[in-house]
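Each of the next two complexes has subunit A plus one other chain: subunit B in the first, subunit C in the second.
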Partner chain A sequence: MTLFDGFLIKTENDEYSTWRRYGSLGSVRMSQAILANNSPAIAFALSVLRTKEIVALKNKIMESYRQAFKSPFLILLAVPGLITLFIFNYLPMYGVLLAFKDFDYSKGIWGSSWVGLKNFEYFLTSSQLFVVIRNTLLLNVAFIVSQTIAALAIAVLLNEIRIKWFARLSQSVIFLPYFMSWIVVGMITQSMLGGQNPTVNEWLIQLGLSEVNWYFEAHLWPWILSVIKVWHGAGYFAIIYLAAITSIPEDLYEAAKIDGASRFQAVRKITLPLLIPTISILTLLLIGRIFNGDFAMIYAIVGDNSLLFPTTDVIDTYVYRSMRVLNDFGMSSAVGLFQSVMGLVLVLAVNSFVRRVSKESALF
Partner chain B sequence: MNYSLRDRAFGIISYVFIGVFALLCFLPFWMMISGSFTKETELILNGYSLFPESFSTTAYTVLLQSKLLWSSYINTALITAVGTALALFISAMLAYSLANGRNTLRGGMLAFVYFPMLFYGGLIPFYITVSKYLHLSNTLWAVILPLVCQPFLVFLMVNFFRTLPKELEESARIDGAHEFNVFIRIMIPISKPILATVALFYALGYWNDWFMSLLFIDEESKYPLQLILRRMVSNLEAAKSLIPSNAGISIESPLLGVRMSTTIVTIGPIVLLYPLLQKYFVKGLTIGAVKG
Partner chain C sequence: MKKWRWMGAVTVVLLLAAVSLSACSSNGNSKPNAENGAGTPTASEGNAEKPKEIVELKALFPGDTPQGFDEVMAAVNEKLKKDNIGASLKIQFIPWSDYGNTTSVKIAANEQFDMFLEAPWLHMGQMIASDSIYALDEFVEGREELKQSIPEMMWEANKFNGKIMGIPLGTTQTMVYGFQVRKDLREKYGLPEIKTLDDMVNFLYAVKENDKDLIPFVVDQRTAGHNAQRFNSLYYTNDYDGFAVTNEFLATSDKKVIPIYERPGYENGYKYSEQFYKDGIFHKNIMQEQNAATLFNQGKAASYPYYSDGVVNYTDLLKNVPGAELEIVVPAVDGWKPLSDFKQWNFLSVPKYSKNVELVMDVMNWLSIKENHDLLEYGIQGKDWNPVGESGYESISDYSFPGYVMTWRPQLARTPSTMIADDKKWVDFSKDANNFSPAVTTGFTANLDAVKTEIAQITPLNEQILSPMAAGLHKFEDGIAKYKSEMERAGSQKVIEELQKQLDAFLAGK
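So, the complex of A and B:
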């Protein structure tokens, strides 16, 4: 059973199942539409159907309706949450229309005039597009690879540590950066690499190396950001991997030991192969979000430093800037819509792939 | 080849790697602490160092006199307290309803809650909805409300509620308890671990949020801590706004020091609560995120 079994409810009653597929809410909506609507078109449609069927249908609808109100308290409990989701997550979806409009703040979303695909044209022909999409994908790939390797190494080696207090203390310290806001991380980065004489440069000099002008060297930033990402998030993923490692039965290791395997061999032949399902699921889930740049991270660290844009400007920062600086709502919504649709397609594709491989691990 | 020797070598490598990585994770925190206690002149000359040569608490005494810091601290505290309470309340109710088999609208509701995790209307429509149609700009509600019901955390709770035995609820109802009482008196108390986990997730989210306030808050008096800090990241001079003119610093404004002390003050509560945070986070991650 997957987490979201409510998505597709399997009923024994086949006749009923088409309706159930949309969930009960779907059937209630349908019933409301049919019952409340007196329009001639509907009347005509209904007259085409046989009366007997309609009555049966109506009864079924009323039944599911009535049942919903058998437990009104449960429905009531859900209402505040559903309303906030509707306001903050569903209302903005209506705003995707903006991508096809020339937005005028005073006229609102509906009042602004239609421009067809002009917004997309602007954005598809702009030279920025390629750079921004490439950066988003490359940075995310770099983050996924570096974080996964670091987290695996931490989890596997942490599991080898026998001194309890040392394991606990180091795990705590490694997990700590995850709790820092990206602004704090940006501040740390700025203090280490920025200013008149960056701290890191002092170290480089002491090591006999030459100084680096960090905030002028765009090509270094994918690496710097990856290091920061590992510092910030490797502990988080390590804990997930560690949980997976502790669920591996101890007798496997004991048997290996009796057969004369060393700890390293046990890690290579037992731990890592058994971690592959967890690794692939986590990675696939991250790949599903590969079109989403990490705005909070990148904007907090890079900010409006245009010297670094060639390698660090991602779709999300680009959209934000077009909105706040250029006030170009139409084009930036077009970019946003493109990103949302690509994201949706990718998540669905990844999910159906995961489901084929291992049903339990699929999202839905 | 002696296996026990090899094992020992592997063990040593583990200790060294983990130890070094943990040290590297801790290093930036140490640099900030030491930086906040270093004299400004030394910071300008040498940058931040592991062990300051000159000790000074000016960066803190100046900061404590700053009205802007206090007002932003109060704002952040308000956002976190009100937001977490509201979010926990709303999400727990929704999750309980979604987890209950007697909720006949459950299928549709689950889809409704899940879909926003897949499709995002986009930044611009979101911005326009909140600022133009809901008129929440420059209020703390603009930060609190959009984050009040997060599908991921709701599902974490749904997962937990589903593991509770049905009989518990049924027997209470048969004994004549109203559903409201079943929820408040029985379900909430036995769900404390998951409620604590989710509350901490929400609290951390609110404390660390800066994106919502960046979008919607322009008035300095409504700034949360993170925004004050953000302003100083990109602009060194911005630290000046935190230093009161009557602070009696005639020689040199401790700009670099104040940046560090503000950071320390911002992360202070998180670090103090960290043992608690870590315990529940690890629990939440290992129980809830691994789906059942």
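So, the complex of A and C:
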């Protein structure tokens, strides 16, 4: 028995709820740490919780402190993480000032002159504002939904494989695209859909279907990009879900089996419901970055092909093109800040909605 | 027991964290000392007969490190030592995608380095405005080799606010646009030599008619925008007025700043594009084409854009496609004297934080001597290249130094032995400042600070509207109407007024 287990059992009397609280979340917290680029957002959100909740939270925290003193090494373990978090996530926030400065290399961030909201002007008055915000949001929603569904399906299916080496092999193979650079993915896409004779068109012809001029059809691209995104990233999320599934106690399934449940029923009634907190938290974390278009992906795949801009031009690619001549730090930081603030607002809104439905599934 | 094991683990983790953190901070502290450079002899070198102390000069350039670079660098440093310049070179290449940011961040962070590639398309304007780079006038003076290797007009025209802010790097004054044409095909169709743009268009349609599988004119999406100028018959005459102040605004010979679409004959090129796209002279997926050069070199296209930049990109065509012959067509009138502001794209600048500006200029002077120039630009003679005649060279290894970052000099550049005579004619034409008429903007650089918001909204319109229009995908009338209204909405009038004000002030002070 590891120290962790002891810690958990002491915390709560009801073993099952302990597991529910920490068992499944343990892996999530870990993934959270990986994903969380918005920990400042969480910190800020914590500070605006309502008083009643703060009191409850305080009690909870006091309880945690009491526990912490019983096992101080756990706290020590967190120290390196906290230090890196502070250095890499909090200290650089000083750079937010750039958004309000006419940045000058020689004067540095502090020495440059203040310009108020001038840096925000170009983006917020741009004729493309609506289009790029809409594209960013819709594409990210499409990515989140498709990736989550695909990752869940993969995780559940992988969990059903009983031959161990095969499960591991498939897991690795599905995970592999995640390590592929977007530039490479862009080239693969180009050879599948572009060039003089796109590979996919040859397939279509063999199937007796008519050819498609892929790089002209803007309306197809949200779907194409979603497919690519799923291919690229679903394996990564599947592993997180798989970890969460493994932490569901085997006895639940045994009990279900005794009651005569089929495998499919077990998945539907046990696995999926118990995964909901994980799904919800991962989704909330992704929503925090919903205003950030995936520049590396979209620029590598779409590039400067303006025929596809109506559906694929996101905030980040638009800003990139705007800044080609000016290379202005202040103006690009302003857009970055705008994205972060909008992301934070959305996370808070969605989180409060989730809390109302199910406290367990909320981020805070 | 268990508890102790945990404590051990925790201690290790903490120790590691502490060590890595302290390593970080001590690195940060020691850096300036280690790289303060001036006067610190490099241990491995030095100690020849009465040698100067050798200072290592650090250079930052964009791109990938050339193959076999270490050997050439060793030879360069050896020669520097032999000639007792008192410096050695350490060149670091930074990938293109990061170069702009890396250099500006390094400058903002006062990091020590001695020279770098700077350019108006990078952040030269900001660097000058913020006084981050040296004015080199006094250092150029008296360094004769350097001064002589660049024509007077080029020095003069590449000053910023009257000062040399970087050594202008270039081999030509202004690139001339034209066409690379498959001569064998033209002769096969029985067409006479191409002298005018109309002849060129006839050729393109002849290809379409006779060789259904060939693309008459292939061009990359990235450069499709140049079609507007390349297919503008006025460009090849002396009536093509207006020279670019920024991408979107021109200054005419009567000293007026106008948006590009007000230039007489602006529609000519776009009209051709529209027609060419419809008629299949351009191929269908021009908007995502990235391999135009390959297609042309494989013999799958009959013509390809030409720029008089001295780059030979047709060797594979002549080698691999049986019967392929090439001619360069610039369908210009006799006595053509295109406008030029003699401005170069690239500059070698010295950051204010470098303490070695004199030495940097010594090295640049040294690099302006033919022998040394050839060593860095073409590699080790006999191993990387062989001279061909007085001004040609034959490359025999894969070494290729991006000369535009440091070594390009119009008077010293050799032409590759693979360059065909037609090409050499136009490259030589472009090298000579006397072949161009000076634009009113010669020596003028616009400062866009006051109109940043407007420029940021105007810049993306290029890819969004002009580029597909130049590829022939949109009707000119629709596209240009949209472009005009978007430009006006973004505040083009304010930009014009600002640029006009700056240009007037510049011309008044001339």
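Everything that follows uses one rule, which is that the second predicted complex is superposed on the first by the 203 of 364 C-alpha atoms of A that agree within 3 Å, B and C clash if a C-alpha of one lies under 4 Å from a C-alpha of the other, contacts with A are read in each partner's own complex, and residues count from 1 in each chain.
Operating definition for what follows: contacts are C-beta pairs under 8 Å (C-beta built on N, C-alpha and C of every residue); 3 or more make two chains touch, one makes a residue touch a chain.
It should be emphasised that the depicted structure is a prediction, and the values quoted were computed from it without experimental measurement.
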Touched partner set for A:295, first subunit B, second subunit C, both or neither: first
Partner chain in contact with A:153 - subunit B first, subunit C second, else both or neither: first
Partner chain in contact with A:357 - subunit B first, subunit C second, else both or neither: neither
Partner chain(s) touched by A:121 [first = subunit B, second = subunit C, both, neither]: second
First (subunit B), second (subunit C), both or neither touched by A:304: both
Touched subunit A residues, subunit B compared with subunit C: B
Touching partner for A:195 - first (subunit B), second (subunit C), both, neither: both
Which of subunit B and subunit C A:55 touches, first, second, both or neither: neither
Which of subunit B and subunit C A:73 touches, first, second, both or neither: both
Touched partner set for A:321, first subunit B, second subunit C, both or neither: second
Contacts on subunit A seen with subunit B and repeated with subunit C across the two complexes: 3, 73, 77, 80, 105, 108, 190, 195-196, 303-305, 323, 329
In the complex, subunit A residues that touch subunit C: 3, 73, 76-77, 79-80, 83, 102, 104-108, 118, 121-123, 125-128, 190, 194-196, 213, 215-216, 303-307, 309, 318, 321-329, 331
Subunit C residues within the subunit A interface of the complex: 2-3, 6-7, 10, 13-14, 16-17, 21, 100, 104, 107-108, 121-123, 126-127, 129-132, 221-222, 246-247, 283-285, 287-288, 290-291, 295, 300, 352, 448-449, 452-457, 459-460, 463-465, 467-468, 473, 486, 489-490
Touching residues (chain side subunit A, partner subunit B) in the complex: 1-4, 6-7, 9, 20, 22-26, 28, 64, 67-68, 70-71, 73-75, 77-78, 80-82, 84-85, 87-96, 98, 103, 105, 108-109, 153-154, 157-158, 160-162, 166-167, 169-170, 172-177, 179-184, 186-188, 190-192, 195-199, 201-202, 231, 235-236, 239-240, 243, 260, 262-264, 295-296, 300, 303-305, 316, 319-320, 323, 329, 332-333, 336-337, 339-340, 343-344, 347-348, 360-361, 364
Subunit B residues within the subunit A interface of the complex: 3, 6-7, 10-11, 13-15, 17-19, 21-22, 24-26, 28-29, 31-32, 35, 44, 46-49, 89-91, 93-94, 96-98, 100, 102-114, 116, 118-130, 132-134, 145-146, 148-149, 151, 154-155, 158-159, 178-180, 183, 204, 207-211, 226, 229-230, 232-234, 236, 256, 259-260, 263, 266-267, 270-271, 274-275, 277-278, 281-282, 285-286, 289-292
